[in-house]
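As written, the chains take the letters A, B and C, and residue 1 is the first residue of each chain.
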Amino acid sequence: MAEVLHMADEKVFLAFSTYATIVILKMLLMAPLTAYFRVTKKVFANPEDTWMEKNAEEKKKMLRTDADVERVRRCHLNDLENIIPFVLIGLLYSLTGPELSTALLHFRVFVGSRIFHTVAYVACLPQPSRGLSWVVGLAVTFSMAYRVLTTGLFL
Amino acid sequence: MAEVLHMADEKVFLAFSTYATIVILKMLLMAPLTAYFRVTKKVFANPEDTWMEKNAEEKKKMLRTDADVERVRRCHLNDLENIIPFVLIGLLYSLTGPELSTALLHFRVFVGSRIFHTVAYVACLPQPSRGLSWVVGLAVTFSMAYRVLTTGLFL
Amino acid sequence: MAEVLHMADEKVFLAFSTYATIVILKMLLMAPLTAYFRVTKKVFANPEDTWMEKNAEEKKKMLRTDADVERVRRCHLNDLENIIPFVLIGLLYSLTGPELSTALLHFRVFVGSRIFHTVAYVACLPQPSRGLSWVVGLAVTFSMAYRVLTTGLFL
């Protein structure tokens, strides 16, 4: 274990730590964004969430789905599906002792692609902008996974 | 890397390891809870899941959505959205060498807030109980992310 | 911290790194599989995703849900709910210094169970094949969590 860890450069780990935290914070902000749309558009999933409304008739109307809310929720789920694998594989990748410049390139491209992905999703930018940003992020994760598997394969 | 790791206190890491495992186990229990509601209420998402029923008519009726099942599923998804970022950022936070008492405060408040969140969600407690527990958990994660970014920013 | 890490065997960590990467890659492939079903069956969730179709009438028809697409999406969500906890608890487990053979048994059974789970889900194999593979994976994660909590409990 110690050997594995010594292979890694301290700077690579600090860079990983910084970019991983930034991209997780971006993901966490999707929840307040969903809450914002829910409150401003008065669209809720749980009966108890309509507590601020007194009128029973109005309460019922609030329990529906809304295109904008569902859009933000899909974007959030896509973040979970892509950002968490990046962080997990990125952690293992950082311990394989990559070049700092190569590692930074991976981390920066990924974080950039995911920020663009969110903008493209929430602002309904014309395709294939969103699709391409998703592919770029996926490619970064696959590239890091390739290094992890080729550096220390142990089956 | 070694330097980064030596900054961290062994006790902080053991505390992180303990609380992270507890809160992940709590999250994992949402799946059996969903299964329990599915089986007792006879509500399934896949045709092959109705295998125990022989009557074709009855089988079809089981393929529907149910308010209670959807509630547990939303709670589970909310766990994924909040608990996994806590564990990932908490791991990086543990390596920044925080005070043991400060770290324990973060871990305990988060785990407490998420257990309360689950109770509030599944038992339909009146709002804003669930909302507040969600905000408390989010605040803990943001506080740890702040420390990670201020201790070892490397862009 | 150093003490914690020295407890672990380098080979156990490399084995964890290998199996974790493989099972995360498997999870990541669910997204292209969803995209494949969406494109071939012409079923989309966002209006802008129908950009390749010019006819406005046809575009509208593409915005629906489809049983096969929803099946792959449920399989993907199930992966998120099970594979990520495995990787997170597996990381902590690898640092508790388990026997290499025991660790390999855990990792291999989990990865095997999840690959079988995906096949069973996407190919609609008769139950309880999918249910059993899910339970096996869950049991592996619980077994690792048990070791983490009994080796270094710090509340």
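The working rule: contacts are C-beta pairs under 8 Å (C-beta built on N, C-alpha and C of every residue); 3 or more make two chains touch, one makes a residue touch a chain.
Since we're looking at a predicted model, the values are computed, not measured.
Enquirer: Which angle of rotation, from 0 to 180°, maps the CA atoms of chain B onto the equivalent atoms of chain C, to the nearest 5?
Expert: Resulting rotation angle: about 120 degrees.
Enquirer: Quick check on chain A against chain C: do more than half of the interface residue numbers occur in both copies, making it same, or fewer, making it different?
Expert: Both copies, chain A as well as chain C, present different residues to each other, with under half of the numbers appearing on both sides.
Enquirer: Express in whole angstrom the distance between the two chain centres, defined as the mean CA positions of chain A and chain C.
Expert: About 16 Å separates the centre of chain A from that of chain C.
Enquirer: At least two other chains touched by the same residue of chain C: list those residues.
Expert: Each of 2, 5, 77, 80, 84, 88, 91, 95 in chain C touches at least two other chains.
Enquirer: Inside the complex, what are the residues of chain C that reach chain A?
Expert: Result: residues 2, 5-6, 8-15, 17-22, 24-25, 27-28, 30-31, 45-49, 51, 76-77, 80, 84, 87-88, 91, 95 of chain C touch chain A.
Enquirer: What part of chain A is in contact with chain C in the complex they form?
Expert: Against chain C, chain A makes touches at 1-5, 70-71, 74, 77, 80-82, 84-85, 88-89, 91-92, 95, 121, 124-128, 130, 134, 138, 141-142, 145, 148-149, 152-155.
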